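Each of the next two complexes has subunit A plus one other chain: subunit B in the first, subunit C in the second.
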Partner chain A sequence: MVIADFAFILVAAFVLICACVVVFHNKIIYSAFALLFCFFGVAGLYVFLNAEFLAGTQLLVYVGGISVLILFGILLTKNIEDLTSKEVSTQKIFGGLISVTFLGGLIYMVNSVDWKVSTPKPIENSPVEIGKLFMSDFLIPFEIAGVLLLVALIGAVVIGRDTDKDLEV
Partner chain B sequence: MDNIFLWIAITLGAMVGLVSVVGIVSIYLERKISAFMQDRLGPMEVGFGSLVNAIAGKEVLREGRIGLAQSLADGLKLLQKEDIIPDGADKFLFKLAPMIVFAGTFSTFAALPLAEYFIPADVNIGLFYILAISSFGVSGILMAGWSSNNKWGLLGSLRSTAQMVSYEIPVGVSLVSIVMLTGTLSMKGIVVAQEGWFWNWHLFGAVGHHGLIGFVLLPMMVINFIAYFIGSLAETNRAPFDIPEAESELVAGYHTEYTGMRFAIFFLAEYGAIFVGNAIAVALFLGGWYSGIPAIDQANIPGIAPLVFILKTFVLIFVVMWIRWTLPRLRVDQLMTLCWKYLIPFTLFTFFSVAIYKVFIV
Partner chain C sequence: MNTLTATESIPYILPEIILVIGICAVFLVDLLIKKESKTPVALTALIFVVGAFLALLKIDGLEPSYLFSGMLVLDKMNVYFKYIFIISAAIATLVSMQTYTSRKLNSGEYYAFLLTATLGTLLMSGASDLLTMAMSIEVVSIVSYCLAGYKKEDMESSEAALKYVLYGALSSGIMLYGASILFGLTGETNLAGIHTALATTEVNSIALALSIVMILGGIGYKIAFAPFHFWCPDVYQGSPTPVAAFFSVAPKAAGFAMLLRFISVTFTNDPSFTTWIPEIESIGLQKVLIAISILTMTLGNLSALNQTNVKRILAYSSIAHAGYMLMGMAALSFAGVEAILFYLATYLFMNFGAFFVVDHIGRKVGSDEIYAFKGLNTKAPLLAFTMVIFLASLAGLPPMAGFIGKFYLFSALVSSELYLLAVWGLLNSVVSLYYYWRVAKAMYLEESLSDEKVEFNLSGGVLASILAGFTLILGIYFNPLSVWVKSSVSILFG
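And now, the complex of A and B:
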């Protein structure tokens, strides 16, 4: 369908432009915001793959969580406005060579692989199916992920705990 | 193909209209309600008639006016204001920030079930979509605070983001209980599950569907509803959780440097977010577009369903305003205590109870 193609090109271009800003912009704060929009665009790509639940998770975790965390870190750093990342690009020729070689390899790979097109229709109500799989076939990975997050949560509380007794309210 | 574009245009137009009308009405209500609570009259000068007369150059009468056109007059005023961008501000991000904040709120309207036939997009992850997309606005607030090059702005936006991120947990957990009970994430499906008499609403434990055993659910759902309501107050930065905008400390928080229409956009987004927060409460706990009396729902009165939904939402918005003009502001430590020591344990408890109920009783 023409409209879907048009929308896909729009979203893909948005992701690519944002990704370029992340890499090439001198100001780190612009890179951070561009990364956020890049994540947002990737969520749009998931929608085109009929993975709405994944798109929602992408928004909630990457846009609402990780990007905000990165921004927090940057905003709380002193004199962030004066900081530019110009110093990084010292090995221009060598780095460029590696990048071009890698790009060539990727293009060769994309063109040479015989991509399979999946024929079955996408599942109508994917969240329900995902939930069922989490509770049956993938129960152990699901539980382990849960325990991991719990450990991270408790660890964060322990690290962030106020050790100075005088400051206790 | 033309039809699709027409459909998109109509839907977007209806959504823009809804957001604007909700904003205008909420701001008028806020001024009137705050005035009545402080024993004042509030806006009394601008009525629609006087506005027309003033434009036509006729004599403006004072009688019979209750300030109905005050918000419109404010909007006109804000349109004419000079658009100031501070010298040290990051101009691109400064201009972008209000758009992001508004987009975050505006996108949530797409999944609001105003009626069975009136949902702009009934996606199968409706509730999850609303929760996810509203986190997009958080980044706009950070952007606004940072790009203004103002310490009040930055502090306000950091406080606001911290508050929104931490209160997402109790809000999410309290909503998951409902999702577990209905077995669907679609906003439409959740509302349809509450059809019939008002005791079928989730707030009252959906007694009608589960029989008398549903009464077990009632206290859980009341706790859930209160936790969600408090959480949504905090997520929209309303008093008593208006630490990010604390006038006595931070001037105005993240929108300190904004003037004119950009400021108005922030306010529109804020009132839109309040509407969405309460609309979710109505859809999930208070029966959505069902009036609670089957005879009214089955009478086929045109437009009754969206009207019921919006009326219920505005009742909740009234409570939000009532709370704002009654309670003093919380301190930051009290804010975190409320979230981590009360709301999260309570919502986790109800979450477990609903899970047990779902597995063993229904």
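And now, the complex of A and C:
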């Protein structure tokens, strides 16, 4: 039990440190790599929650897909490697103050609330059960996600392709 | 309570199904026909919108039920909102057909996105589960980003899309965090389930307040209430005008539908807003709503005062109108909900009309600035006259529909004894007169800069006249609408 707790703290700290690098690092390429490791760590957190299927999906979609896409995006954009963020110092101070207050409020809240704890034992063969739920109770969100992805794909193509001749105004 | 399983629910979501088929059909027609003529694509979209409307007539009489094991709901209020969305989709399609005949911007994707946005708003108004709420907001948002950035070669349009994405991503994130807190407190995602959990067990009211405020943030981004309104003027100015008109009506109405359902189903014990779950009393939900509505209408009206671009004026005015409608929400009464429903119907016609005229001027004169409207009365009497009707209605002058809408709102406030808020709303309406008057003055009292022809063609004139006609008729003969609104106010509980 103690070892599991220790491992959890390790993974959580890893996620937090990576997330901080994403936010605070000036160079976008470092942020992108930190985001990749952050996604890895989140997959680890899912394992602690007995959500192995979700952890696998997280690795496939976020680490394998989205982070790599972000890296490609950075590599294919001109002059972006040398780009450093330009913030006005008043923005930093105000933004920092709001964020710290909000963080304090959240920490206080998380500690003071009796969270609803789920009592049933974790399911052994979770992908099967998830699949069944997708086709029964969660059919509508599943279908909405289908439409959403279709339109997002086509939208990305529309926005991303070269301005071709037949789109001239 | 009547909860249906997936297969039983299918007849209840007929309009949505028709729209999904329509999206695919528009893509297919776009592929099959020649590049030069795009009218068939627009016609296909229009046919499916009409089909969805007919399907809506068919499901109008069905018994209110929870669908798909409680993920969606169909009740009277939901059906009313669906009429608003489908009518605004039809008007947006018609306006786009007008706009894009001369341009080649008129591609199949555009109409498919419009249909998807409509589908998203239909789902938003019916969402009765945190999961479907978040998903349907995402559908509307993602499509909106694409539509806002549709004129890629236009810098303003690209900037609008980028701002929209950034604000949208932030507010979705905030809303999901709030939803996760609410789930952590109650162990339920279904709104009715959350209500049962909140009514039977005591929860930490600070956490509850935080989650409510965060969820309001996500919905508020769609409604564009302060302080989530910053994207609004830039996006409306940069987007293609028919799209801006659609954004200012349908997603806003969908946001209100979601807000009404979320607040009433989750936190009240009975449909008439009399008793609430105990924690809500200590949070002071009404005070929060009053503060948001005051902030929204004041910021909207004051920022509109010194604008010179008419599209931006309409954007700020749409923020102010969201503020007026939030007053109805803050009344927390049946009368307030009725007033919102009535106001949305009138707002649909007057706002689409105003945007349509601006779009027309923008194409003929090549500018959305106020000076482009100078001397319009001599050049294009019909155009100027319809615009004055829309502006007068937006300002809330009798005998226009906007006046009746405001009248309902203020009487709802008075019956909830929120006198100060009502006075503040009236003051705001007076302020708004100034900037509507500036546009009207330019059209009627100032000399034109050039003599080029800007009058509508036949179909444009018919469309503008129909919109102006509704704006006038709903101001004089509003009884049928108000009867319909009264019967639509019931939200499915339990």
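The rule is simple: the second predicted complex is superposed on the first by the 143 of 169 C-alpha atoms of A that agree within 3 Å, B and C clash if a C-alpha of one lies under 4 Å from a C-alpha of the other, contacts with A are read in each partner's own complex, and residues count from 1 in each chain.
Here is the rule we use: a residue touches a chain if its C-beta (ideal position, glycine included) is under 8 Å from a C-beta of that chain, and two chains touch if they have at least 3 such contacts.
In this text the structure is predicted, and so the values were computed from the model without any measurement.
Shared-chain residue A:Ser118: touches subunit C; no touch with subunit B. Contact with subunit C, but none with subunit B, is seen for A:Gly155 once the two complexes are overlaid on the shared chain. When the two structures are aligned on the shared chain, A:Gly95 is found in touch with neither subunit B nor subunit C. By the touch criterion defined above, A:Val2 reaches subunit B but does not reach subunit C.
Within the superposed three-chain model, A:Glu52 lies in touch with subunit B and out of touch with subunit C [touch as defined at top].
Within the superposed three-chain model, A:Leu76 lies in touch with subunit B and out of touch with subunit C [touch as defined at top]. Legend: residue contacts after superposition of the two complexes on their common chain; A:Phe138 is shown touching subunit C, with no touch to subunit B. Residue overlap on subunit A between the subunit B contacts of one complex and the subunit C contacts of the other covers 169. Of all residues in subunit B, only 1, 4, 90, 93, 123-125, 128-129, 131-133, 135-136, 138-139, 142-143, 145-146, 154, 158, 161, 165, 168, 183-185, 333 touch subunit A in the complex they form. Looking at the complex, you find that subunit C touches subunit A at residues 5-6, 20, 23, 27, 35, 67-69, 71-72, 103-105, 107, 109, 112-113, 116, 119, 123, 131-132, 135-136, 138-139, 142-143, 145-146, 149-154, 161, 181, 184-187, 197, 203-204, 206-207, 210.
Taken together, the subunit A residues at the contact with subunit B in this complex read 2-3, 29-30, 33, 36, 40, 52-53, 56-57, 59-60, 63-65, 67-68, 71-72, 75-76, 124-128, 169. Across the interface of their complex, subunit C is touched by residues 105-106, 108-109, 112-116, 118, 136-141, 144-145, 147-148, 150-152, 154-155, 158-159, 163, 166-169 of subunit A.
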